[in-house]
Structures are given as C-alpha cells and as structure tokens.
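The structure is given below, and queries will be raised subsequently.
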C-alpha cells in the first residue's frame, strides 16, 4: 500500500475512516463501516465484493455525489466534501447498466451535449465526439437514436462519454455488467489503452467479476459489509490463501509411498490425490500426488529425489488459487450467496474488520483447512 | 441464500401445484383474470395517486384545481354582469366542475402509458404479462377518475353552498342521471383511450397533450357557454361530441329548468329540432350514439397504435429531451 | 472496437491533475455558457424531430383560449376583454412550460439517471437549468406567438400601445421572473419525488385564477394584490394589459406598469438568487441523504 507517491504529488485517492450510514426504515443501513484506502496516481485499483458490499457507495462518495457520515476522502488532494468543482473537472465515471441521456437524440448529439457540460468549444466538441465514436467502434451507430441502441452499444457510448474530458481519474462501477464476452473484453481493452496513453491516469474499478479484477487491477481491495477485508496485488491476495507452493504430480510409480516424499527437504506435506487411494497398486497404472512445498525452489530437490525412488514424472501441474478462492476464504461465502440480516449481525459481532487481525485469522483458518485436505 | 444441505425436490417443484408448467394455464381464465388485473391496477393506481402525502394535502390538491377553474369563470361572469345572471353562474359552475372530471378521465390513461414507459419503465413488463393490457390501462386510470369525481362533486357542493347554484334533491331525475353517468363515463374513458394510444407514439414531453385535447373539446362541448354563440359548423362538431350530451344530461338531471347548452336561440339543435329543447330520451340516445362512435374510434386507434408501437419498438423506449 | 489513434485518448494534455483542476474564470464562464447551449439542444432537437407538438402545443391551446373568448361573447362583454383573454392565453404558454419542463425537470432527470451525471460534471447546475429554460422558451414562444397572432386575427383584437419599449421590457422581465421561479421550484423539487409532480399540478389552475388569467387581476381585490407581489404571471399580465390596451378603461387598483416592472426586477433577482441558494443548500442535503441518484420515488 503506498503511503506516499514517488514525488510530492498527492495520492489519487486517499480515504480515511469513511463511514456511511443510510437512514432508511425500518433501521439504518451501514453501507461503509470505517474504510481506509490509499491509491497512488497511475494505479489500476479494484474494489471486489458482492452486491451490497458498499462498493457503489464508496464510488458515489469519491465522485462527490454522496457525503460520508464520518471520515474524509481526497482525490488528488482535493476534498470530496468541499472541493467538488475541482474534482469534477478531473474525473469521470461510468456505471454498468447506465441508462442516462435523452432518447430523442442521436448518439453523436448526445455525446456532443455532454461535451458542452465539460466546456469543450462547440466545433472541438463535435470533433472530439467523432474521435471517441471511432475509438469505441460505433461509427455505424453515430446517427442512430440513443433509445434504439443495444445494451452493449449503450455501454460503449457511456465509455465515450466518460472519456470526453480527458479525466485523470476514471471511476468504473461494474462497467461490464450485462455485457457479452466480446463487448466486455472490448470495454476492458479500451480502458487499458486509455490509461496507458498518459502516465498518472488512475482507474478505480468496482466489480464482482473475479477474472476482470485479476486481469486489470494492480491492486485489489476485497470488501464486504462496508469493510475492507483484504488489500493487495492479486498475487499477494492469492498467497494469503495458499502460502505454500502446491503441485500435482503424476508418476508412473511410487514404491515408497507418499511417506517417502514427506521426508524430503522443503516438503511441507504430500498426499495422494483424492480418488487415487490405491497407493500405487491395483488397477491404476499411474499415481497422482498433491505436493505442498515451502516454495517453488524446493521442487528441484523433490524431482531429483523421485529419480532415486525409481519414479518417473509423467505430468506436473502447479495449483494456483483464484481470486474466488480468496474471496470465499475471506468472506466465507461465494458471490452468488446473498446474506440476510442475521448474517450481517453475525458479522458485526466479529468486531471491527478491515484490520490485519481479521485477515490473518481468516487466512490462517484457510490454511488449516487446506492442510486438512492435503493431509 | 441457499440453506446448507437443502436439496430442491425438482420433481415436486415442477408440478403444477408448486408453480410448475401446467398446460391449462396457457388458456387463461377469461373474466377472472381480467378482473384480477383490473383490481390490481386500480389498487396500484390509487397508491400512486394518493399515498404521496397526508390526507389533508391530498384533499386540498384534489379540490383546488377544479375549484380554481370554476372561480376563474365565476369572476369572468361577475366582472361583466356584476352578479346579474345567477342562472348563468350556475351554468358555468356546474359545467366547470364536470369538466374537471373529464380532464381527469382523459388524462389518466395517457399518463399511465407515459409514466410506465418513461419513469417506471414497466410498460413492457405489463405488456408481456398475461394480464389483459387494456384492463391494466383502465384500472390505472380509475384512481385519477375517482379523484376527479371527488373534485367535481365538492366543486358543485361549494357552488350550491357558497355561489348560489340552485339545487333541489327532490327534482333530480335519477333514471336520466344514472343513464348519462354510465354512458358518459364510458365515453370519457374512450377518449382517454384514444389519447393513451396517441401518447404511446409521442415523446415524454407529451404530458400536457391530454389537457390540450380537453381544452379544445372544452370549446365545442357547451361546458361554460351555450353552443349558440359558436358558428354553426363548430356547433355541429359539438353535437357529435359525446361530452356535449353528457354535460347536457347531467345538467338536465340535476338542475332541471336551468340554461341548456345545446338548445336555444341561434343554435343548430333548435334549428334541426324545430324549437324544443332536448328531452331526456334524446339526450340518452344522442349520448349513446356519439359515445359508441367514440368508443369504436378509440378501440381502432388504440389497436393501430399498439401495432405501430410493436412494429417500431416504442414500448420500451425513453424519449426525454 | 477499432484501434484508436492517440488523439481519442489524449485531447487536452495537462501537466498534472492539479493543473487540470485549476480553471480560469473565463474557462468557468465559457463552460457554463456552453452548458446552457448543450442542455437547450435536446429540447430544440426534440421539437424539430417530433412535430406532434405543433398540433398539441399550438392548435389545441388556441382552441382552449377561444373557449374563454366565447364566454365573454356569450356575456356580450366589452371588446377589450377578448384582448385580455388572448393575452392571457398567450402567456399561459410560458407558465405551463415553467411547470412542465422546468419545475419538475430535476426530478425527472433523476428518474432518467441523468442527474448524477450533471452533478458529477464541472459546470454549475444553474447553467443546466438555464439551458432547460432556454430550450423550453423557444417552444413556448412559438406557441405564445401563434396563439396571439391567430387569435388576434380571428377575433379581431385591437391593441393600443403607447409605450412599446416598456411593454417589451415588461414582457422580458416577466419571462425572466417566470423562469427564475421555475428554477427555484426545480431546486426545491430536487428533494422530492412524486410530491413534486403532484404539487406542480396544483400550481396550474389556482395560479391561473389568482393571476387573473382571463380578467383584470384588480377584480380580485386583496387577493389580486397578494398575487401581484409574489406571482410573476399576475404582475406581468397586469402590466402588459395596461400597456397593450392603453385606450381601454382598465380597472383601477393595481400599480402602474412602471412600478410593476420594478416589482418584476425584484422578482427576477430574488428568484434567481433564491434558486441559487436553494440549489446549493439542497444539493448538500441531497448528498447527505443520498437522494441525487434515488430513482422511482
């Protein structure tokens, strides 16, 4: 986590102790519960969490649409509460499923209208609109009424709108929601290309698509119930779930059994793969072993030792955890499972989250469970 | 959230008792379904119309519009005649009150189309549901009509109590009143349907169209002045408008002996009928005939509009500007 | 998507976010000016694209105005009263425009999902409201002019104008005050949902009545005086009637046109100032309560 940037430039996003409570009936809803977050200029930062986790609330606060109940937030040094005009000049946002605009206008006219809101001279506005329409590949729809665009086309139009003012920071709230695979990929490529065009451009992406976050983000915060449960690069987060290097080996034979492997230096654990309980005998011609090592370097010693045991490696595959594994370990459920109030209460009873202690507890538990499987 | 260990009994869920496919459901249940759709739409319409505020403000809101409309005319009358025409005052108060009911009726259905398409974006879902679309459209309009009826009744009450409109319960012609109310409400709904059909084609800013149409019909329906002051061709248009006969019928049944909007010196009706004013039977028959024509026209236009909307994908468009 | 050229992604290079966030007063002014044009654009386009409004916004309102002309004819009223109705009928176009296309508009924008984009953009929201007013003004001016010209010709209204300059001044001041009031209502309705919709309904006929839509407002006595002091339609119509029918006997009891012009100036300043203030206050409140993007209220 960057505490400061390489120069004196302020952080792109600096969130301190943000809490947001919605006073709705029958009881207030805590959407954000003490969030701290720092994003450096130039980062592609992801907020990963299920529906209702507080991602959109945080984006609304950062885009000056909502005030925090407690805490403070700054965008490139500008306070979201009091320096809204400055922030609005350097940011833009796109949300998934966005239906904004005026159906009576054509795509080109709609974008031009928004260009005027950002102060582009009229002629420049039309030129800029044409450039962006080309960039999002919608030349054929330029004169088509907005009300007749498909979901994917609308979202591309929204991206063109979001880029009209050359934002320094781009907020993307579930931008690929409802898009097909090709359209989602096109959108992702567009964002990556836009960001790469100028150093220092920053993106905050909220999503619940693990692969999207994994592919795009330099760092990711996993949020749930208004708290940050874990934060780090995708690799760091995965390591929290699985600290050892795990390999699956397929051998032609293993005369000494897995016990022989456990004695080797650097081996944390070794077990026959599930469903392969014949222990090298019986009808099966091969043996599959799950091997847990202290790190990747220990693999060389194991391979050498296997030769000594008379075994030949037929296949070797490294087991990588996914972000979904990370999420399930941290949150205790998948994205498809919504919680009810009872779950919320249980979680609230855990105490203040978003701190290292909880993360470590969760990952320790995860490791224990992993070990059980391996053993 | 899926309960741990829960294994859905798919065979059971697929049975008709549990909501599974039942071939007989595709046939529908005729009037039962229509009645249910209508009742649900009425309930929803009433909630949307009435639950936005406390009852007192709602009451003021419901009465202020028709009362203000009537007062505009009362002052116009008094400015010129200085209160010397009490019969004409009764004429304009009653006409104005009834017209507020017409306005609610004709705008209710059109606004349902615009509301559900542009604001709630529910029109397409209503359309594809098994509910009868027209039953839902009419049901949603009922709340506005009820509010309009309340406003009209209170305005007439204020007219009787404060503005000197002569009223005698014993002289009410009940059979005529019931007949013209039934036929008149049907005619108002037909015009409302016509406007709903038009608003299905137009853009979001057409909120004021129903009132504009009502404003134009106001000219030819003998609402606040007798048709005799209009040129003969315009009077002819008035005589084929069901609203003219509805208002004449209500006036005739509730305020017998008052000024007639249809007959009198210089009127086309008097020329055609040879001098006498319209009797109750003539009023009912004229209302029935003109109302039937309006209804047929409304149904035809609605069908054409419905077809065009499907053809051009207008049911789920948003058209703001 | 096609591979974009560098221009698509780099339009106005700035040295840093801080530099990009610092705007000159000229930049701010030009952005707000362009916003006015930008927001007026869909209104004008809409008019040109869907022409049904010509029928509904010109022909039918003319017929509605005609109905009141015939009321006076039935009463054998003096001819200037026909002129009063025609002038009132023309001016209603602006009031209806303020009600339908301004007062409720921010609430509508919220329903459509546009409002949060407005607030997330760097222009002043007042510029958006001015744009709506300007776009709507074009349509309502057309309607007002059509009703005025057609009704004058058809019903033989004769105007007697001695002070053209003052009449034009009063007309434009009335418009400015009307749209200023519309902006204030729009900012108030930022916080409301369906209440806004229903309350604007409440502002049509009752306002017509107390503004003396079809009769001199002086006839309402104290109520008319109150209306003149708070409603632009009442004071503007009264002043214009005095100026447009200078030869006719006009009921006494209201201030002279010059004084009424002064009242309108105060209204313009007050309404625009108040709308600016209420917008600032209510934007903050809406941000506190999370109402800038709540739909379907």
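We just call them A, B and C in the order they show up, numbering each chain from 1.
Note that a residue touches a chain if its C-beta (ideal position, glycine included) is under 8 Å from a C-beta of that chain, and two chains touch if they have at least 3 such contacts.
None of these values were measured; they are calculated from a predicted model.
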item	value
Higher-contact pair (C-beta pairs counted), A-B versus B-C	B-C
Chain with minimal offset from the mean of all protein Cα atoms	C
Distance-maximising chain from chain C - centres being C-alpha averages	A
Interchain centroid distance [CA atoms averaged], chain A/chain C, Å	48
Separation of mean Cα positions, chain B and chain A [Å, integer]	55
Distance between chain centroids, defined by C-alpha means - chain B, chain C (Å)	29
Junction residues of chain C - those touching two or more other chains	42, 45-46, 50, 112, 114
Residue numbers of chain A (touch at least two other chains)	99, 102, 104-105
Residue list for chain B, restricted to those that touch at least two other chains	203-204, 318-321
Residues of chain C touching chain A in the complex	1-2, 4-14, 16-18, 20-23, 27, 30-31, 34-35, 37-39, 41-42, 45-46, 49-50, 112-114, 116-123, 128, 284, 287-290, 292-293
Residues of chain B defined as touching chain C within the complex	48, 52-53, 60-61, 64-66, 68-69, 71-73, 75-81, 85, 88, 92, 118-120, 198, 201-209, 212-213, 215-216, 218-219, 223-226, 229-230, 318-321
Footprint of chain C on chain A - complex, ascending	9, 12, 22-23, 41, 60, 63-67, 76-78, 85-93, 98-102, 104-105, 109, 112-122, 125, 128, 131-132, 134-137, 156, 161, 163-166, 168-169, 186, 189-190, 193-194, 197-198, 200
Parts of chain C lying in touch with chain B, wherever the complex brings them together	42-43, 45-46, 50, 52-53, 56-57, 59-61, 63-64, 66-68, 70-77, 81, 96, 100-101, 108, 111-112, 114, 135, 193-195, 198-199, 201-202, 204-206, 208-209, 213-216, 219-220, 296
Residue ranges of chain B in contact with chain A within the complex	1-2, 203-204, 313, 317-321
